[in-house]
Structures are given as C-alpha cells and as structure tokens.
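Order as written gives the chain letters A, B, C and D; numbering starts at 1 within each chain.
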Amino acid sequence: MPQGETFHRAVSQVLFISQIYALLPVSNIRSQQVQNIQFKWLSPRAFYSAIILILNLCEFGAVLNHVGKVGVNFHTSSSLALYIVCLLEHIFFWRLAFNWRSIMSHWHRVEQLFLSVPYRFYDEYKMKRRINIVFGLIMSSALLEHCLLLANSFHLSSLERTQCNINVSYLEITYKWERPHLYYLLPYHIWLMPMLEWLNQTIAYPRSFTDCFLMCIGIGLAARFHQLHRRIAAVHRKVMPAIFWTEVRHHYLALKRLVRLLDGAVAPLMLLAFGNNMSFICFQLFNSFKNIGVDLIVMLAFWYSLIFAILRTTLTIFVASSIHDFERKIITALRDVPAKAWTTEVQRFSEQLGNDMTALSGNGFFYVTRQLVLSMATTIITYELMISDVINQATIRQRTVYC
Amino acid sequence: MPQGETFHRAVSQVLFISQIYALLPVSNIRSQQVQNIQFKWLSPRAFYSAIILILNLCEFGAVLNHVGKVGVNFHTSSSLALYIVCLLEHIFFWRLAFNWRSIMSHWHRVEQLFLSVPYRFYDEYKMKRRINIVFGLIMSSALLEHCLLLANSFHLSSLERTQCNINVSYLEITYKWERPHLYYLLPYHIWLMPMLEWLNQTIAYPRSFTDCFLMCIGIGLAARFHQLHRRIAAVHRKVMPAIFWTEVRHHYLALKRLVRLLDGAVAPLMLLAFGNNMSFICFQLFNSFKNIGVDLIVMLAFWYSLIFAILRTTLTIFVASSIHDFERKIITALRDVPAKAWTTEVQRFSEQLGNDMTALSGNGFFYVTRQLVLSMATTIITYELMISDVINQATIRQRTVYC
Amino acid sequence: MPQGETFHRAVSQVLFISQIYALLPVSNIRSQQVQNIQFKWLSPRAFYSAIILILNLCEFGAVLNHVGKVGVNFHTSSSLALYIVCLLEHIFFWRLAFNWRSIMSHWHRVEQLFLSVPYRFYDEYKMKRRINIVFGLIMSSALLEHCLLLANSFHLSSLERTQCNINVSYLEITYKWERPHLYYLLPYHIWLMPMLEWLNQTIAYPRSFTDCFLMCIGIGLAARFHQLHRRIAAVHRKVMPAIFWTEVRHHYLALKRLVRLLDGAVAPLMLLAFGNNMSFICFQLFNSFKNIGVDLIVMLAFWYSLIFAILRTTLTIFVASSIHDFERKIITALRDVPAKAWTTEVQRFSEQLGNDMTALSGNGFFYVTRQLVLSMATTIITYELMISDVINQATIRQRTVYC
Amino acid sequence: MPQGETFHRAVSQVLFISQIYALLPVSNIRSQQVQNIQFKWLSPRAFYSAIILILNLCEFGAVLNHVGKVGVNFHTSSSLALYIVCLLEHIFFWRLAFNWRSIMSHWHRVEQLFLSVPYRFYDEYKMKRRINIVFGLIMSSALLEHCLLLANSFHLSSLERTQCNINVSYLEITYKWERPHLYYLLPYHIWLMPMLEWLNQTIAYPRSFTDCFLMCIGIGLAARFHQLHRRIAAVHRKVMPAIFWTEVRHHYLALKRLVRLLDGAVAPLMLLAFGNNMSFICFQLFNSFKNIGVDLIVMLAFWYSLIFAILRTTLTIFVASSIHDFERKIITALRDVPAKAWTTEVQRFSEQLGNDMTALSGNGFFYVTRQLVLSMATTIITYELMISDVINQATIRQRTVYC
C-alpha cells in the first residue's frame, strides 16, 4: 500500500477538535485506517453531541419564548437567525456523520491513484499544512471575535450597572444582558456560568467552522487536481502514447466523481454558509450606517466582526474556486499537446474539460468560481443602497440610555 | 402491443377530476385507447365548460363594474388580477383541449419505444404513483387553503355583523363580504349560495392546478429520460456496438421532439403560472410587513397561503427541472464510455448533449433548471427591499374598524 | 437571371414612402435594378432631405433656447429627448444612405443563391407581404397616435382658451400650446400652420419607422434562413452526398456574412431605437402613476401611446429574433442526419451552429433573441419600482389649472 | 535579428514620461535592448520614486489627521478615496517595476515571431502611432482637467477672500482652500508652492495614466492578434498544407500565453482602475443632481471632469476589448477554410477559439469585452436611481456661503 498524505489523515485532527464542540460525532475519527471510522448511535461522542444539541434546542425554545414576549425587532431577529443557522449547521453535520465513513472510503480509494508512482513525485501541494494553516487562522480569529463580543457584553452590562445603580453582582448583570431569554427562567447561579458559556461556544463555533470545513474540502480536492495538472505539465509538448492520455482521463473522471459526491454531501452546509455570510455582511453593513455607539470596545467588536466575515467569505470562495482554477490550467496544458499525439482520447478529454464545469456548486444552485466574488459584492452593494433609504428616514443618532 | 404504464393512462384520472372543475373539456379522457380522445364542440363536457366559463365571465363583468365604482386600490386590484389569471387559465386549457388528441397520440407513439424490451426492465420510476402523490398533495393543500380563506370570510363578516349590529342573516352578511360586486346586482337568496360557491371553486381551482399540471408533464417526460439514463448506465464501461449508440441516440432525439412539442403546447400556461406565482409571493410578502390583523384565523389563512405558494412554486421548479437533471446524468455516463467504443455516433451524442439545453422553457423565454430557484429568490428579495420603502412611509398599524 | 422576390424590390415601396418624410435620400430607390441605386449630393431627394433636416435643426435650436429660459423640468426634458433622438435618427439614416447601394448590391448577390433552383421551391415565406403588413400596421397605428396627440393638444388648448378667456383664435392658442418655443420667435400666421405640421410629422415619423425598418431587415434576413431550413428539412433523414452539405454550409456562411454586414450598418439605429423605446416606456409608466388628468381624450392619448410603444418594441424583438429561431431549427434538423451521411462537413456545420450566435446584435452590445423580452421587462419593472419612491413622496393629485 | 516595431520600443517613451511622475522606476527604460532594462534599488529613478512616494504618504497622513478632526463627510471621503487609489496605483506600478524586465523579455521573444517573414507584410496596425495618439489625447485632456480644477480652486478661494475680507495673499488663501489638511501643519511659504503643486501632480497623474497604460497594453497585444488575423485572412479559401495551420496555431498559443502573463501582471491595476472609474462616475453623477453652484468655471470643471471620466472609461474598454474582437474575426475566417484543407489541426484551432475566452480579465474576475460597456451602464443607472431617493429628501439648493 502506497504511503503518503491522505485527506482523511490531513483533516482528522481538525475534525477531532470540532468534535469537542459536538460536531460530526463519528467514532475513531483519528484512526489511521479509514475502515475504522463509523457512526454509532450509542457511542460516547454521539451521546455528547446529542446532549449539546438538546440543550441548544432548549435554549432556542427560551429564545422563541422571549421573542414572543418582546416582539420581533432588529435585535431579536438577528439573534433568532443566529440560533436557527447554528442549529441547522449542527443538524447538517450530524447528517454528514452518517455518511462520513462511506465518503471517506470513496475518497480513500480515489486517493490511492494519486499516492502511487507517477503522481507522488508531484506532491508539493502540502495539503495537511494548508488545512492546518487555514484552520488555525480562521478559528483563532473566530476565538478573538468571541472574546471581543464577550468583552463588549461585560463592558455594556457594567455600564448599565453603573448608570442605573443596580445592586446585583457583576457577573449576574452580564448574564442578564447576554441571555435575557434565560434570566427569568433560570435564576443566576455562579456555577451555571461556565456551562452556559460552553453552550454559547458550541453555538458560536459552527458559524466559522462551516466555512473552514468547506475550505478543507476544497484544499483536499484541489491537491489532487494539482497533481493531475503537474503530471500533464510534466509532459508538456512531448509526444505521449495514447495509453497515457487514457489513464490521465480516467483519473480525471475519478476525481470528477469524487467532486460530485462531496458536492452532494456538503450542499446543505454550503447553501447555509453562503446565505448566512451574505445576510450577516448585509446586516452589519446596514448597522454600520447607524450610530453604533462611541465606546472604543463596541466599535472594535463591531468592525472586527464585520471585516472578519468579509475576509472569511472571500477566502472561502478563493480556496473553493481553486479546483476550478486548476481545471482551467489543465485545459491550457492540453492546448499544447503536439499534433502527432493528438488522438481521439485527448480530443475527448479536451472536449469534456471545455464543456463541463468542475466546481463545488451547492448541488447545482450556483458554481463557486472566482467570479462569484464580484457578483456577491454587486448584490451586497445593491442591497445596501436599497436599505440606505430606510436609514435616512429613521436614523437615530442618540447616545443609548440604559435605564 | 407492449404493456406498461403510459402517460395517458397515468394522468387520465387527474384530468378527469379537473374536468369536474370545467378544465380541458375533451371527451373519452379516461378511455384506454388514445385514439378515442377527441374534442367535440357539442359534447356535454364542452357544454358544461362553456357554461361555467360564461358564468365566470359574467362575474368578472360584475367585478369590473364594482372596481369602476369604488376605484382601483390594493384590495380590488388583487381580486382583479385573480380573475384575469384564472379566466386566462380556463381559456388556455380550452385551447390545449383542441390539441390534446394529437399531443397524446404523439406522446403515445414515442412511449411505445420505452415500453418495449430493453427499456421495460428499467421502469422503476413509478410515474403514475408520483403523479397521484403530487396531485393529492397539492390539491388537498389547495382545498385546505380554500377552506381557511372561507373560514376567514365567515369570521370577518360575523365580526362586522356583531360590531355594527347589522340585522341580516349570517349567510347574507358573508355573501356581501365575499362578493361585494354581486350583492347589489343579485339579491341574496339561500339557494344561490351553493351555485356561487361552486363558481368560486372553479375560479380558485386552476390557480393551483396549473402548477400541478406542469408537474405532471414534467414527471411524464422525466420518466422516459430516466429510462434512457438507466439503459446507458446499465452498460457502464462496457464496449457496445455502434448500432446500440445509434439506437439510443434516436430514442433521445424522439424524446427531444416530444419535449419541444409539449413545451410549445404548455408555454402560455407556464408563463402565466410562473408570472402569477412570482407576483403573488411578492404581493403577499409585501402585505406581511403591514399589519394583517391580530385574529388568529386571519393570521393563519394569510401565512398558510403565502407558505403554500412558495412551496408549490419551488416544487414545480424542482419537478420540471428533473428533465434537465437526468440529461446531465446521461452526459456524465457518456464520459465513461471506453475508448474502444468511442465512435462517431457516441461523439455526436455527446456533443449534442453538451450543446443543446433540454428543459421546459416557456417557448424559449427562460429555462426551468435548478438555478431558476436562486434567480427567482434574488428577484423577489430585490423587489421586496424596493417596496419596503413604501411601507416605511405608509405603515398603518391600526386595528381595522368595520363600520 | 432567376426571377423571384428580392429584398430590394420588397422593401423599395416602404423606403419610397419614408423618403417623403425625408429619410434615406437615395436616388432610384424604386428601380428594378440594384445597380441604379445611388446616393447623389445634388439630387432633388438629398436636397429635400437636407432642407427638412436644417429646418428641424432650427426648431431644435428654438427648443434649446426655450429650455434655457424656462429651465429643465419633466416636460421640457422629454421634449428635448424627443428632438435629440429624432434628429440622430435622421442623421443615421442619412449615413445609411451613403452605403445603401453597396449594402443592397451585396444583399442582391447573396439573394441570387436563394432565387435559383433548389431554394425557389421553398419560397413560401412571403417576404414582401410580411413587410407590407408590418409597415401598414405600425405606421397606421403611429398615424392614429399622432392624431390622438394632436386632438389632445386641440382639446387642452381650447380648455385653456375657455377658462382663461383668452381673446385669440382657436388655431393660434393651439400653436402656442404645441410650440411654446416658437411662439415668440415666429408670430402666428395661418399659412405657417401646414408647414409646421409637416415639420412636426417629419420629426415624429422616424420614431416609429426605425422599429419598422429593423423589422423589415429582420424579415428580409429571416426569409433566407427560412429557405435554408426548408431545404435541409426536405432531406430529413435522407443520406445526402457530402457535396450537398458543403453547398448548404457555404450558403449558410454567405448568409452569416450578410447578417454581419447589416448588423454593422444598422447598429447605431438599433441602439438608438432600443434605448429610446426603453426609456420612453419607463418614463410613461412613471407618469401613469401620477395624475394624468380626468379628461377622456387625455387618458386615451396617454394610454394608447404607452401600449403602442410596448407592443411595437415587443413585436420588433420577436421579428428580429426570428433569425435566431430559424438557426435553432436548423441545428435541430442536423441532429437527425443519419449516421451514414455524417461527414466532416456536417460536423463542422453542426459545430459552427452550436458555437456561434446568429442574431442582430447592435454591433456586439447585446443579442436580439427572444430572451431579451424577459430581461427588458425585468429591467423596466426594477426601474419602475425604484422610481415609485419618488412618486410616493411627490404625488400631486390636483386638477391642473391653466391660468 | 528581424527589424520592426516592438512593443518595448513603442511604449518606452510613454513610460519614460511617467517616470518623471515617479511611476515604474526601472532603469534604461529607453534602451534599444530589452536586456538592459532592470530594476535597481539604488538607482536614481528608484530613489526619486521612493522620495515622492514617501512625501505622498506623509501628505496622506496629514489628510487622515484632518479627516479625524472634521469627521467623515462627502467632501473628505472623496478626497480620502482619491489619495488611497492613487497611492495604491503608485505601489502597484512599483510592484510591476520588479517584473518589468521579465515581462518585456517574454513579450520580446513572442514578438520575434511576428517581426519575421510572413507576418511583417501584415504590419499595418501602426502600434507606436496608436499608443502615442492615445497617450497624447488622454494625458493632454487630463492636463486640461487638472488646470480647470486648479482654476476652480483659484476662483473659489478668491471668492472667499473677497466675500470674507480675509487679509492674506491670493496664493495663501488658495493654499488653504486646496490643502486644508496641510495649512496648520506647514505654514505658507511662497517657495513651498511649486513643490506642493508637483506633489499634487504626481498624485493626480496615475488616475488617468492607469487607464492609458491599460490601453497601451491592449494596443500592443491587439497589434499581434491583428497580424495573425491578417495572415489567416490572406489565405482565405485557399487550401493550405497542415504545417501552415500547425504554425499558426502555435503562434496563437504563444500569444495566449502572453495575454495570460500580462493579465496576471496588470490585474491589480485593472481592478483598481475600473472600480475607481465606476465609483467616480457614480459619485459625480450623484453630485450632478445636487446644486453644484452657479459659477461658470465651477460648472465647467465639474462637467468636464465627469464627461472625461465617462469617455476615458469607455475608450479603455473599447481598446482593451479589441483583442477579443480580433479573436472573433479569426474564428469567422476559420469558418471559410475549404473542406479539403480541414484537418485535425484546423479543427483543434477552431474548437479552442470557440471554447476559450481571450481577453484581459483582471485575473478572471470579469472579461473586458464590448458587452462590459452595457453592463457597466446598467449598473451605474441602477445605482443612480437608488441614490436619487436620498437626494429627493435632502436636496439643498442654497447658494454656498463661504464664511
């Protein structure tokens, strides 16, 4: 069996960390063998994930109850959306966990082709390192965002405490500020705080991790397209036998099947992630026109969160579209095949590359290519300009009074 | 003659039921033989449909007269639009009835290919069951919608009666509430009510049925594309003689001709249905921003109607776009044809599949593929955001006073 | 020389009539021989056209002067736009007149192919009759529009005369109403009226005629594509020698060259006509939301003018896109060529038809296909919704007071 | 070595002039030999460019400081945007300078093909003359714009001086008016003025020069595509040996590689230039709806600047899209290759031309073709209409009071 860097091994650590946050509860995720992966209803991981999911659902119920009381406004609707999106992401990852074994097995079989002789010479893509860098970068930025939002909450609630002379402890007022939907249902206890904070983390984690996961998938696939391209580039302008091109084309077809399989499997996560990112950016940009307070920490948390969302979304599109970029490079390489070596096989390959679109596509709804950045930007600008009217009529530029 | 499930037999029951609502007045619609179908001007069905159509036109005249008196406002314009759309649908179905015999004959001839030996082994699509499920689901939901709207009317008119101390019977006030355009022309009689309610049903029925009919057409065509794909998938990676591919390609061409024929025949219905669904969703979403009353039953009727319209439209697009999905699958299968079996015929087939678009298209105006969902959603959101200005300026959040 | 209906002969009468309105001043336009057509600077037609153009320019100067005095508002800006568009159309037709001889010669040479033996059997398109019907329909509707607008002016000016007790003759007040920019420069004389009315006609004529001219070009080209399609359809499923397909492809290439030549020649007219139609429809729809007066004749003139513009634009797109429709039909016919007759020539033909776009295109800016209707409609609706805000804020629902 | 007009020699003078404005600091730019070009950190040009860049950065710091004090408003945000765009352009040209030698070497190697025998007969494109005309036209118009803006400043500041009876010299008040951000940091001295004006020029120059530079690149590439097209057109309908087509295709591939290299190199400049042009046009059009003063010179400066931006952008698109236009012409020429000469090579060439898009593309974000004009225009109109609401609500039609 050939040795090399498989996607399963490259991504297992990342997935293990997210299992701590109750996502993708499959057993033996860090096993060396793909066959050991399995989803068991009665495993501790599934149990842990189920408990977290149920607790989150309970808190969502409390939020619904709270919204029913105070009515739908800008603040409650955004917190509702956050809960709905994150719960759906938990559920979609759970759904993915059922199929993770078969997906990884298929991927493993395809990867065997690319770990054996001709391709292993072209393995300079460093999939594992890229996955780790992307994960480290995104998730540490997300942690920083979480801390900033927390600091923001502490700051605002302590302001409220000072201004209104409320005679409760520092932590309790923060609890009330952060979780108004729980405050009257679940009286404040000091030992409740860490557990609620952990729940909060499991809710916040998937928002950034879904993008990160899509990038990992993109890197894993791009690594193989990169090897295929390198192999074709290595015989640039050489006359190769027909059997070479037949083989290359079959490997390409195997990759295409893998892309289709994964596209189907991550489609709900993808549609959710892109939709959520776009609406979040629109919503925050919209808020940026209004008075967002004069406190430094409020400003910092707000702008950091907005810029992080924009950069994360752009990075996701760039990484995911690299599959398509490599395909364009393969087409270009095929144009240089010399006339003598131009057989029916190469022509078929060339035609297929010219006609089919290889990209993550959210099950055919939209294709993740570089041009998506431009069209998302145009849509966001258009929506901002439309909403800006509303602002003009309703701008409230007053300093918030807390009591 | 080969035995099997033809589209004519699968859909005949559904069409028979809609004949009760005066649509598609062709004789012998439930006959086993396609040849027996015919449109006769002097048949009882044509006579019945004509009477219903004339009565509806009369009521439309009354509505026009009423609108002329009270002027065009939001309420009257929406009721005008409903009448115009439904009358046009009645007329388009009548127009389809003229050609139904020739369409069904053509379809029957094409289906003979797919009921004979190689294809009948791949007949697991269960066309008839799918048609019945779709029809049952959509039309029972539509019935529930109708009942909710009726209950809404009863509720509102009884409120008016109570609040204003009007001394007329319960039914009469409902009659006045529901049909203000008829109330002064046609005095209230108890025996008028069932007839008017029936007329009302014949007006309401086509709105949901047109979507349902388009889905039936989509299922009928997709069943054949499914068989074609299954036949090609069955010889996956096998070397087949050229004659096999010639035959498959000819069957594909026969299917394409059928799709074109039907696309032309149902184009007016399709443009009307999609246009109507989109404007209805826009209009109701727009209303949802305004105060729609605090009564439970009013809320329920409103939201049920809106969500039903969204789901129905989405389902229609998904079902109708399944033709295109199967075609994509056939292309993918062709990519795996081995080099030895790659003849001019297969290449021609592959090129044709790559270049041509097979989908219902409303006579070339737009193609019903999965991406239509996204572009419709974007358009609806854009329009909503534009209109939301108007709301901001004119929001009337007052409890409706009935007298 | 083969006998048949050439485009030159079919369109000569239409062009002769527009020469009366000072458009396309080429000599011998009704000659049987294309060679006799020529543009002479010193011919009476060029002289007449030049005088009309100079007079129109003078009136445009007076309008500019008037606008400079009263300032730019809705009314003056729309009348400015009308003058600019119509003067540009006069100039573009003049520019076309220089090249008309060479265009017609080229067209005549290409048409010789389609008037000789195999094609003349398929000549049931009736180009001349279609051109005459379109011209008759459009221009008589335009005349009716002109009369309505005139009646409107008479009506409004007589209202002003009555209400304000102005002691001038009936015609003079109309003159002042219609031509406020001339009234103080050119005192009223009875014998001035016919001449000014004629000038007015030469300004109004090109607005409708440009659409009509584009339709004539479309019909002329479609007639030949129709013959080509009929010839291919006549050998449906027959095995034809390679020489047949070579010939057909060469004829197709000759037609493509003709389309390109004409596309370049009429591009400025096309861009102007489509841009003008779209902005006119937007502008009138926008006006329709405002109070347009309660007089029957004002209403009639307004709505007739709006509906005529919409129908004329739609008809232009349909007629001009028929070239593209015939090309799609030729592709479909090629799919049925039997395997035996599938030579390199047919494949080349099929590939070219699949890849290239044959349609009038305004020199590559946009393609006139059926889908243009949908995208124009979407753009118009979007713009209307945007502008509708402005209306909400500035609606003036007052009866116009004339003095 | 073949003699002829290379892009390096054609553009060297233009680049030399921009080095005066501290752009693209490479040594020996006017050398006859491409090999002599090099970027040295310690050359006088790099030193000069560095000083200018540092001074500009300092002034930008002063602007930031000023904006921090007076707050972000329409005026300061537009001046901020100008500084950011121009500094980025300086930096991107600096980045281009590192690679200029290798880009020019590659280009030179490709050009050798087109300076030797078959192509040199078709060299009527006059690259150098076109580059000089475009540069002369654009940069002299830009100079005129600069002078108008300067005159505008003089005029407005002298108005302020007169109206407010400020007792400072004429130049000092202009200095304060033009550079409010420097006035309190750097007291007025007469000998400072020329230096600051020069700095101002180096800031203003790149805004127009970037468009001009893109046009030069476009002309340089189009010249070669033009030669290729002329060579193919010269053998129109002749039967050429396969070797001819192999050679032509290889030359085409070499050109494609060159286009890709340059597209990557100028992508940041291109995205910046197009984004800046579009936002500038939107911004100025938006200002045009507001009162822009009644002084002739203010009006003139404003409208000249707006119209210049529109024409410059349109011209840039037209020139850059000529590459794509020539490619379309080559496809058309290939359609006429006679059946006998239709070999696999020609078919490959034809397929590649049909499938690939050859155009400057800003690294794949958007393609610069003629249709870009239409889509930019639509976007600008849409944005204008959206913003026009804001105007309606906030129109301030008052004469500016200066003190």
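Note that in this section a contact is a pair of C-beta atoms (placed from the backbone, for glycine too) under 8 Å apart; a residue touches a chain by one contact, two chains touch by 3 or more.
On a predicted model such as this, the values are computed, not experimentally measured, just so you know.
Enquirer: To get from chain A to chain C along touching chains, fewest steps?
Expert: 2
Enquirer: Would you mind naming the chains that touch chain C and likewise touch chain D?
Expert: Chains that touch both chain C and chain D, as defined above, do not exist here.
Enquirer: Chain C and chain B are one sequence twice: same or different residues at the contact, by the over-half rule?
Expert: different
Enquirer: Using CA atoms for the superposition, what rotation angle relates chain A to chain D, in steps of 5 degrees?
Expert: 90
Enquirer: Per the centroid of Cα atoms for each chain, what is the distance between chain A and chain B, given in Å?
Expert: 38
Enquirer: Between chain B and chain D, what distance separates the C-alpha centroids? Give it in angstrom.
Expert: The computed centroid separation for chain B versus chain D comes out at 53 Å.
Enquirer: So which bits of chain B are touching at least two other chains?
Expert: Chain B, residues with two or more chain partners: 351, 382, 386, 389, 393.
Enquirer: Going by the touch rule stated at the top, which chains touch which?
Expert: After working through each pair, the chains in contact turn out to be A-B, A-D, B-C, C-D.
Enquirer: Please give the residue numbers of chain A that touch chain B in the complex, ascending.
Expert: Per the stated touch rule, the residues are 242, 246, 253, 256, 260, 344-345, 348, 351-352, 355-356, 363-366, 379, 382-383, 386-387, 389-390, 393-394.
Enquirer: So in the complex, the part of chain C that touches chain B is made up of which residues?
Expert: 325, 331-332, 335-336, 339, 342, 347, 350-351, 354, 369-371, 373-374, 378, 381-382, 385-386, 388-389, 392-393
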